[in-house]
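Below are structures written as structure tokens.
Across the two complexes that follow, subunit A remains constant while its partner is subunit B and subsequently subunit C.
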Partner chain A sequence: MSTGRISNSEVLFGQLNRLVGYVRGNPRRKVALVLGAPVLVLLTLFVLPLLSMLWLSLHTETGVSGEFTLENYRQLVASTTYLEILRTTLVLTAETTLIVTVIGYVLAYGIVRLSTRTNLLLLLVILPFWTNYIIRMYAWINILQPDGALSSVLLSLGLLGEPTGFLYNRAAVLVGFVYVWLPLAVLPFYASLNNLDDDLVEAAMDLGSGPIKTFLTVTLPLTKGGIIAGIALVAIPTFGSFITPVLLGGTNVTMIGVVIERQFNEAFNWPLGSALGMVVTAFVILTLVLSTKLGADLLGTGGEA
Partner chain B sequence: MSGARALYKRLERFVYTRGRTVGRSGMALVLAYLWIPILVLVIMSFAPDIFSFPPTDPTLEWYVTFFNNDEAIGSIMTSLKVALPVTVVSVFLGLLVAFAVDRYDFVGKQQLQILTTLPLIVPLIVVGVALVLFFGAINVRTGYWTVFVAHVIRTIPFATLVIIPTVVSFDETLEEAAMDLGSTEAQTFRRVTFPNILPGITASSLLVFTISFNEFVFTFFVKGPGTTTLPTYIWSRVRFGLTPEVNVMSTVFIVIAGTLILLAAYLTQANKITGL
Partner chain C sequence: MPLLDFDGVSKEYGDVTAVDDCSFEVFDGEFVSILGPSGSGKSTMLRMISGFEDPTSGTIALEGEDLTATPPFERETNMVFQDLALFPHLTVAENVAYGLKNKEDVPAEERDAKIEEMLEMVQLGGYGDRAPEELSGGEQQRVALVRALVNEPAMVLFDEPLASLDRQLRQHMQVELQRIQDKTDTTFLYVTHDQEVAMATSDRMILLRDGEIEQIGSARELYENPASQFVANFIGDVNTIPAAVQDVSTTAVDLATHTGDLDISLPSELVHGDATVSSGDVVNVCVRPHDVSLSENEPSTFSLQGTVQNRIYRGDDVRYMIDSPIGDLTVDSDTAGFEIDDTAHATWPRAESHVFTAENVHEANTGVQEPAPSVEQ
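Right, the complex of A and B next:
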């Protein structure tokens, strides 16, 4: 800097400055520079794979070199096995969502209306949610397995004659699902209850509504957005789940996610697996559209996953 | 008709007098449901075998086994080797999106927000399978980099959603003030902007790290033989025979993840990490 000599770094700096000037000259270029990387990553590594899956699902077993066909989808609709699996998946999803909604609402209502230690209670809800999914499933295996914790406790209470197992059935899968998705629903429920203006509830009471009527005509309708968001947030991952049915249901409970996993890791019929994946995606889109139509508050105040 | 009315009246009175107690008990039951399995898990990590609940003579022997298990320790190392760089990349990408959303007006802003939250919504198994297909189609061998990329996709939405509020709430007139007082742009960023958005960056880093460290489904599909992360290792152990060592691993895992989440919660207040 002291003499007139121009160092390499200064040349580089000059070029950098010119580049900055070029980008700055036009707000569009600025946005492109800032957004280029994240958008490129998402488009090539998220959107493109999903599209290639759709493409593969429209081909025969030989892969994309084969013929363009709807055969995979026809097979899904024509086979009673797949329809039965679809039914099991739908029923389990509905049951999970219903139970989660009821007990999740009780919990959220309690946190907002019946307690002052909001932050502590929210943490108690969130911490299990951030515990590894497999570990949360494993925790239930510990409890439900033959000779496990539940069996031991019931035995010592005299409620059981001999050690029993409670694993590998629908009930176990249901307990597991409700367990993992409960926090996910509590959060939007909490948000909508917390945003509800208390004065409205008081007004209804002052005007002579009893607690039940107030709840049904004021609280419930005004938290509808949060409730529907919670339902969507639970229904979507449950429908596509494969870990819980495998670990807690064993071979007795087959859901669509389990079949997809098998197509890719055991049966190696990838086009069929892709078609099943598209069915799950269609369910998700349907749920999202339906819930938005019904006024779900998905990204506004609630909804984190 | 009058019977139903009378019943309703009695119900109302019941809710008046006992409603709070019933509500609180319900809340306590649900919280117990959330925490009892975790407590059982922790207790069982001190049990000599998996079939004695409650354990009669607690032992630390399985902790010793765990810390001497090279495979388990190796999987933790793999998880760290993935999670740390993923955190840097995802948070940086999230920060870029947050700045773009906050500072510029451009066509497709809403679509951008949908695009960044979409990986959160599409079921994991679908994206996991799509990624394997895609990597297969472009002839990329599964291994470290496929796991890395999958984790970045998985964590971008979380990184973005957590950073956006901090970036939006940052008062840009502070930047103008710094510049008016003679700071260069770089100085302004380093001394004014960066310190102000640091809490958001830290919280988002902690969350991204935790999610990546916990990630299972994507990893399960795109991992190669040499990239067994801790969750995939636990999965294989759970599927093929149970030992108290899995309880130990889980307990260690819960303690680490719990600490990180509490730290994130402390830095941003609980409501930010829940996205409320």
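Right, the complex of A and C next:
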């Protein structure tokens, strides 16, 4: 590059340097720059769509015209169909969460307390999570269908007289949910159990508590944060779930996520779909607020609840 | 009958022997310390008494009953843990109440009164509703102590709980521990690596080395009559001067350093351990820094001449480092009259010498290895 001539890139760098100097000169500008980008992303990708859905749910006609109305919400509350679907969804969510919590806690407890191969076992727990969701669901279809693995095994054991299908009912959906969300619960359970100081367990025994009492008075309360986090992490995706009830429950199990999908893709009633969507959103927010209030350790820091 | 009978106990982890055939007894009302460097097996001993580890062989009996098969929660011992292990989700009062609630025979009102009384005993009256984390380190120590004591165990076990405190607080807690032990008339078994704590508090000390008991006795016995070089080094400071045995008679041994700077004849009862030294053996002559005195003129008995290398004013005495032909000598003297680079003669009463056979006698005999004289702190 010849001397005496200022290149374009030098001009650009000069201007960039001035900009950096300008931002550095004022702490407020620095904060704005650091927080600006993430706030912008959150606004455009999360808050705006949510607001547009809320706006849509307050209209009866698709489109932008018309008055605000609570008609969609009135319809939800007035209809026994929707209330029944909501009830099914809540019950299935509760059952899933309960089963996952019990199995997950026992699993995490075993990994922490009884094994030295902690990393390998944790990897095995998480491994299915990296497999495609749909493929995992089809694996279960394969197991539960009339000529599937479960039926064949039970037939050969003489426990079944003829090939039987186990698909398209509540139990199948429940099995699918438990299978899919178990890793989500095991991780916070594991984190909180792993952070539990062994000395505290020994102190309880030293002070006269047997194994069960020690578990109930020390281990359980001190891992509460992880337990609540695991419950929230399982309850939230189960409540809004769509693929599992469709693939494993068929037409026999209708959850709120399934209805939302139908409103958008089949009935083309976007405002009603949005209103149902707002119910799911409300459930998510409520669960998060409640779990935080109860001391959930959502970040898995193992901090004191 | 001893309160605790620790009889021929060994603990092995694979190839490692943490505790090797140790036996000792603790009597009712005693304050006994198990003292030793880290890895000497002292915590393992404590964990076997509390029931968290099973001995590989031997028996542990408390009040005459064999404990070996008793689970921790059925043993009449309570432990003060190294990191205290206060329950973070419970208040101070709930922590203290935890053990009492496991005893069916204590009604609730009596329990509450007892807890408050115990908290008052350690100057924590009215602290019951606080969370442990709101308390200072020293206050937490006292809660942990009370949590153990309130159950009126046959014996309280301490796993170095004072190690994390600063020196001043630690010294205060030592006095507190003795006061509380007196007041509650409870037997304390205290594990520590800190000889200062052990000496300050204990009636008797059990000194461990590599899983074996080196010596049992009062602080004074261990300090004045160490059974081995290791004990002499571990309890207090000591100068170690290697010397060769020149002559052995029925009443005395004549020793000389290899440099010829010190010729000393000592009564043979000062030779510790298996006292069969013979001419040519290499031994260590040990003497406490405060037993050594310095003079300007050569004393008539025996002395080592050297120059003052360093002097440290320590308030009640002055510590001199003397550079002598056989190595550095540490001298704690009341006189501050020597300056750096002054020449001084170091001597000590013969009776204050401790003679130990050098541990690698055979190698030393060949003359290949001359162990450097050293001061162990």
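Keep in mind that, in the parts below, the second predicted complex is superposed on the first by the 291 of 305 C-alpha atoms of A that agree within 3 Å, B and C clash if a C-alpha of one lies under 4 Å from a C-alpha of the other, contacts with A are read in each partner's own complex, and residues count from 1 in each chain.
Here is the rule we use: contacts are C-beta pairs under 8 Å (C-beta built on N, C-alpha and C of every residue); 3 or more make two chains touch, one makes a residue touch a chain.
Because the structure is a prediction, the values reported are computed rather than measured.
So in the superposed three-chain picture, is A:L196 touching just subunit B, just subunit C, both, or none of them (first/second/both/neither)?
The answer is neither, since A:L196 touches no partner chain.
On the superposed three-chain arrangement, identify whether subunit B or subunit C touches more subunit A residues.
Larger number of subunit A residues touched: B.
For A:A204, using the defined touch cut-off, is the partner it touches subunit B, subunit C, both, or neither? Pick first, second, both or neither.
It touches subunit C, and subunit B stays clear.
With the two complexes superposed on chain A, say which partner A:P221 touches: subunit B (first), subunit C (second), both, or neither.
second
Applying the document's definition of touch, where does A:Y109 land relative to subunit B and subunit C: first, second, both, or neither?
Only subunit B; A:Y109 stays clear of subunit C.
Identify the partner contact of A:L160: answer first if only subunit B is touched, second if only subunit C is, both if each is, neither if none is.
neither
Considering only touches as defined above, state whether A:W140 meets subunit B (first), subunit C (second), both or neither.
first
Could you tell me if A:S152 is touching subunit B, subunit C, both of them or neither one (first, second, both, neither)?
In the superposition, A:S152 touches subunit B alone.
Going by the contact rule set out at the top, does A:I99 touch subunit B (first), subunit C (second), both, or neither?
neither
Pick out the shared contact residues on subunit A: the ones touching subunit B in one complex and subunit C in the other.
Residues 210, 213, 304-305, which sit in both footprints.
With touch defined as at the start, can you tell me which subunit A residues reach subunit C in the complex?
Residue list for subunit A touching subunit C: 197, 199-200, 202-210, 213-214, 217-218, 221-222, 304-305.
For subunit C, which residues are in contact with subunit A within the complex?
50-52, 71-75, 77-79, 81-83, 85-89, 98-99, 102-103, 133, 147, 151
Going by the contact rule set out above, which residues of subunit B touch subunit A in the complex?
Answer in residue numbers: 8, 11-12, 15-16, 19-20, 23-24, 26-27, 30-31, 33-38, 40-41, 44, 50-54, 93-94, 96-97, 99-100, 104, 106, 112-113, 115-127, 129-134, 137, 149, 152-153, 156, 161, 210, 214, 216-217, 221, 231, 234-235, 238-239, 242, 246-247, 250, 253-254, 257-258, 261-262, 265, 269-271, 273-276.
Going by the contact rule at the top, pick out the subunit A residues touching subunit B in the complex.
Per the stated touch rule, the residues are 27-28, 30-31, 34-35, 37-39, 41-43, 45-50, 52-53, 56, 64, 103-104, 106-107, 109-111, 113-115, 119, 121-128, 130-143, 145, 147-149, 152-153, 179, 182-183, 187, 190-191, 194, 210-213, 236-237, 239-243, 246-247, 257, 260-261, 264, 270, 273-274, 277, 280-281, 284, 288, 299, 301-305.
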